[in-house]
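If you scroll down you'll find the structure; I have some questions about it.
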């Protein structure tokens, strides 16, 4: 759960601004830390804990140069502290290397141990530093093309990266293509970002997906697309479509909005129930609920209103107040609920704790509450960068739909089928591990189907 | 455009927290400054520029006492600086008086001149200080009841106030009732707030409107409702229903959500046009658009997606980038637009500048763009607390609907009729001055119909 | 204990900088809050808790205008909070009035009560606001000259003030002249400040004392010196010479350095004792010790070294560490102490608590410790602006020199005689109330000799 | 120019506080950045740009553990930014290693190149990271004793370090002993610090110097002193005695105060001139001036007064004001100067720019100004940690005393002889490279006499 950006722009005054606003549009991918690295007579880095506007607003207008990379972070591996904020910079024989990484390495500990046995040291606990150290090592003996291929042979897991090797910009998407990456051309250069919404915000019209296994290399203003490796099959994260990406983005040719809308439609086809009102659990369930309402022909309405000004709260003194935290984020429109049969639609259920509180809030006034979920039950953890790390946390990992219905105390509960989901997204090369428990790369202790995803160079 | 709160709670540890979270839920009413005043061996005030969480988070847990008032502010009268942040505190013969004010005095300059001629001085340029000085003066000679009546006789305009007179809490809504105010009972006291959503967030179930002309006085834990004055007719701000209040609030018995939904329905009845998609201009047009879509039976969809993480930006270096500021806030879901006939629905149009940019963004891809507005044209400025202060700024003040249509370059444009609006809200005692140009109190240079709203004591 | 500044400068870019650096050189007179008010199309104020560099550094370069006043504060009357920080601004019939005040009004409560009875209100608990309100009132009926005279008739106590009445700059020193004030001419205007060291730092060569009872009025670039009132006798604070002023300042023609040096000389003449080393208690005792050493012909040396980087500390967890706070500020040069007879010289003893800890630190290693004090015992509180407010706090208020000697556990203790002090300073019109208990103005409960100081207009 | 600290304390609540206050007393050794590393289930680091009180005040009370190291920094090698702040932490096969370093490696670039050629990467540009990487490497194959010896064989230059290897505390002073280090025993552990004044402030009575080439190893509460290496001769930095250390410290058995006092005495013996007043250039010249005055029997007086509240200033708008920066720091007591013959005493002259301005300030009023300097001319740069890095900056590197006299425009100028200085300090094993140009270790392009300082293991 991170966002990455890479920019090459001949106009030295514009580069940092383009990077800043790209990150600004990717803020939903990570709110913990923000950072930017720019080359201009050496690589300069500014990063800190907090939002893009908080961390970078004052420094960006002063940064001048032609190439930059940027990052927003929500931690998965590595503790939540400044030293793990990105970009990560290492200095080596081949110069300075700065890296921004979206993804998660499955073989982090093994790679680190090998490097440690060589006597190497690490400044962070982040898997991104491993990538930086390996890359710098390969570059001592090989050119960029070979180095990326050797690197790909070593890394197991998901890694969409933007890299500065001194003043050379590289953007690379791993061969399974877990995380998205796209590129757009501007008058005097290129902007590369995790999602197309970032390029839209800059009014860049022609936007392409970077293909899985493909690297974009920008050197002295010349761009080159290099196919580092090719997997037999890709493993595009289905959860980007379900929840994580912004609905106005298009990933690998598929509109996220359309996918969610279709999830709602298919859900209605599979398990609609007669009701007075269909309402989303905001904000994530909205598009799905619109699709569901249209297909089921049940009136769409808003039953829950979000407080748009949510900030950090503090520990509350009394037991009773401790319970109100969901109420501060969301409130019921009683008018729309009282005495009515309500179908609530959400995109997914991970832990189920928030869902339970919301349902309770609505259930107090409603005649019936039905819950419909735009994706199948999440039964297995993600090792590729989405924050659902242990089986224990997942309500569906060891409970039947009926058991979950009882815990959430709704009148009925239905999930979208896996088939319905795949049809909604409309492409096949998806990573569905969290829904099926079958993983596209070897993860110790899990069932892997990795031969299907074999990578060739 | 402000929010006020007043709390009496026997549990001294809880009072500041209740005030804090009430303000937190009223943050949409003002984001410029936040403040709290608590009595505990004298009145202590904490206030500052910024959001509730930024300004008050660290001090609130340390504040102990039984009575408090709070404020969030969006400036109308008075410059935007710390000295005008509220609560405003004056020390006088009768002790300490702290005031939070939502509204705007029409006769501010006259009142100030009278006081100045008596040799008085002012620490701020805010009309709230005038109320505080007058009140403290009346209290030297009269009791609270008489003082409130004399005060009402002097003030012209809108004023919903919460007041601490030493440890006595007063909440008062002016006799015309421009701005909302409601009260709820808790185990050990009372919470008073501008909108009911604040009380909902604290799980207070029984909530009542404070009536126009009514004062709530809490002294030593005893509450008293005192009818200070009664107007022949009230002038409840219609713009609270149209735009300003949160949709999950109920004001004077009317659900804001319902009012907006009905605005959309009536709008469709009056001027629906055949289209492929109905979509709101987010966030304010959403409820209205849902009503419009339902009535017109045109599919509801989201064509514009808001960036949920909007913070302060900086001056951008290039002409081209300067244009993108709306793009950073909102992006088009191209999939939903391309080649389609779109009806965009907004709650109102004030200046028209943002509308123009949004329509342009959508129009680039759409076949047709039609704009429907959930309220009549705004033709006259508000003198009672809504930020639309000069006629020049209002696009409809001197332009016909057709002229506006051309400026916005939409295929068709229609506003809701005044009748349709009044029917949607469903109550009669509304201030419609911004839509009609006829004002309920005397405003120099404007047409006033004030005899209708005569106030008796 | 405050410092005041007033500047008129034709060069609009320079005024705020001159004010800033004058305050910077007066920082020793108050470290609690700092502030500046400048006229430029209305009076703008910037003030805050903290040092001049912390509070004003960022805003001063942006301030443009011809007149400004400034203040550094160490609170005496009025609680220590932002609302009492100066300059204090009031808006009234006659316009805007900003005031900076060094001193303390003895009749604050009486004046406030009179004003309160007229129905007036106060934004602060500071006596400075009283001066501002009175002045604004008098100005409604009288010109500046008469107003200052009437004001002088009302105020009892010490008040050196700099004032902006819109764009007119006034600096006024009360007729008894408790606190210092001086003025220097620059190319394009005037700088007025509490002490001459501030003018020295700006390389202003020709510097004059503003006389007690004299006002400097700068209007449209024309300066006028106006004798508001004349006291039969003045009451210049002797403690400015003893401790408070910077040694490089000259007050009323007397070099503070010379006064302190003479205090040391006279002290040695009166009560020198044979010893190996004379050493100051730094920093305040240094000049006095140099004079003592010279006169007594005992070698001068430093026995105590101050840590030059003293900042805010925190509550320490263990009893033992709590004792070390003096050690963190000051350390003994053991080499200079071991086995030696030491005479420590300080300028004065107020509470005696720090002296006790320092003497103990030295006494641990020294053969003998003798303490010599450059002023007589402080027996009575100051009501005119020096922070020694209650008799109970003053170690000499109810103890003999022998008793104090035993408490401090020194081998011998001697104070300078009153005669010796007066001779050292070399002028006669001094306020000696803290040393004699006889006050130059009426203070309830104290012996007053006010007829001697009769003021004529 | 840095300060280091190491603490072992059985009382887990006390360790961070002891580290904090030790750093607080060493603040004169570096004001750019401050940091602390503590072991407690892994090493946690807090560091930042700024003073100890600014950076560490809020976090120290919350840190619990038995071992910690701390650092204050004034940059010499490595740019001035956060990534170079210390302690520096590396994670390796042998665990976590945190290092604080006072000194400077002469062979930094060579060492770094060797490591880079092995494919290693660096997170900082600081020589401290080199030490950390080398140490972690040696510890993979050797025990702590051997590792320290091998490390010593690799490093060229000055390095007094405190180290955490997981929960083991090591303090080590290089065999030539350039920088000071001392240790004191407390009830439940040990405190190690750059200077004895830090231990004095904690009321630790028994304090010992750590000998050149000696390491202190504290493991599980047991302390061990291990002689890593022994040089034929030591090279204790003479500039610590002249200027850098606090006068209340004792280094290698020599009181810094006594050394400076003797410098002044010897200076008077060598070159005293008849005058009215002897005065220091504060603060660094004070002790030297006292010795000079005593020996020469000329009255000691203060001619220059420092502003005790010096903070960051800003760019001044006018040419004239730009000149006043020295005036803001220091002012002349005109009384003491006018018409007099003054001897100013300073401890040393590095660039001469400040001296020139001060002399000019005094010379304006004085009859004659003579300058006496407590050390010989500084002719060569320091490569061992004192901030005088290029020959071009040193006024005496290519000018005769007479030439310097003319530049400073004083009536006479004299430096202390090298013999006089050595006699004043009273020990022989000094590094005098900055005064003689002969270096105790090989520095490319400089004359080295390194055989004299041969190191054995």
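Order of writing sets the labels: A, B, C and D. Residues in every chain begin at 1.
Throughout what follows, a residue touches a chain if its C-beta (ideal position, glycine included) is under 8 Å from a C-beta of that chain, and two chains touch if they have at least 3 such contacts.
Small disclaimer: the values here were computed from a predicted structure and weren't measured.
Repeating the C-D interface, with the same residue numbers in over half of the contact pairs, is the pair A-B out of A-D, B-C or A-B. Put simply, the C-alpha centre of subunit B and that of subunit C have 50 angstrom between them. Centre-to-centre separation of subunit A and subunit B, using mean CA positions: 37 Å. Subunit B and subunit D, compared by their mean Cα positions, are separated by 62 Å.
Contact of a single residue of subunit B with at least two other chains is seen at no position.
Taken as a graph of touching chains, this assembly is arranged as a ring, one closed cycle with exactly two partners per chain. On the subunit C side of its complex with subunit B, the touching residues are 89-93, 97, 116-117, 119-125, 132-133, 136-137, 140. Interface of subunit B with subunit A (complex): residues 11, 13-14, 17, 21, 24-25, 27-28, 31, 51-54, 57, 60-61, 197, 200-203, 246-248, 250, 255, 257-258, 261, 283, 286-287, 290, 293-294, 299-302, 305, 307-309, 311-318, 320-321, 323-324, 327-328, 331-336.
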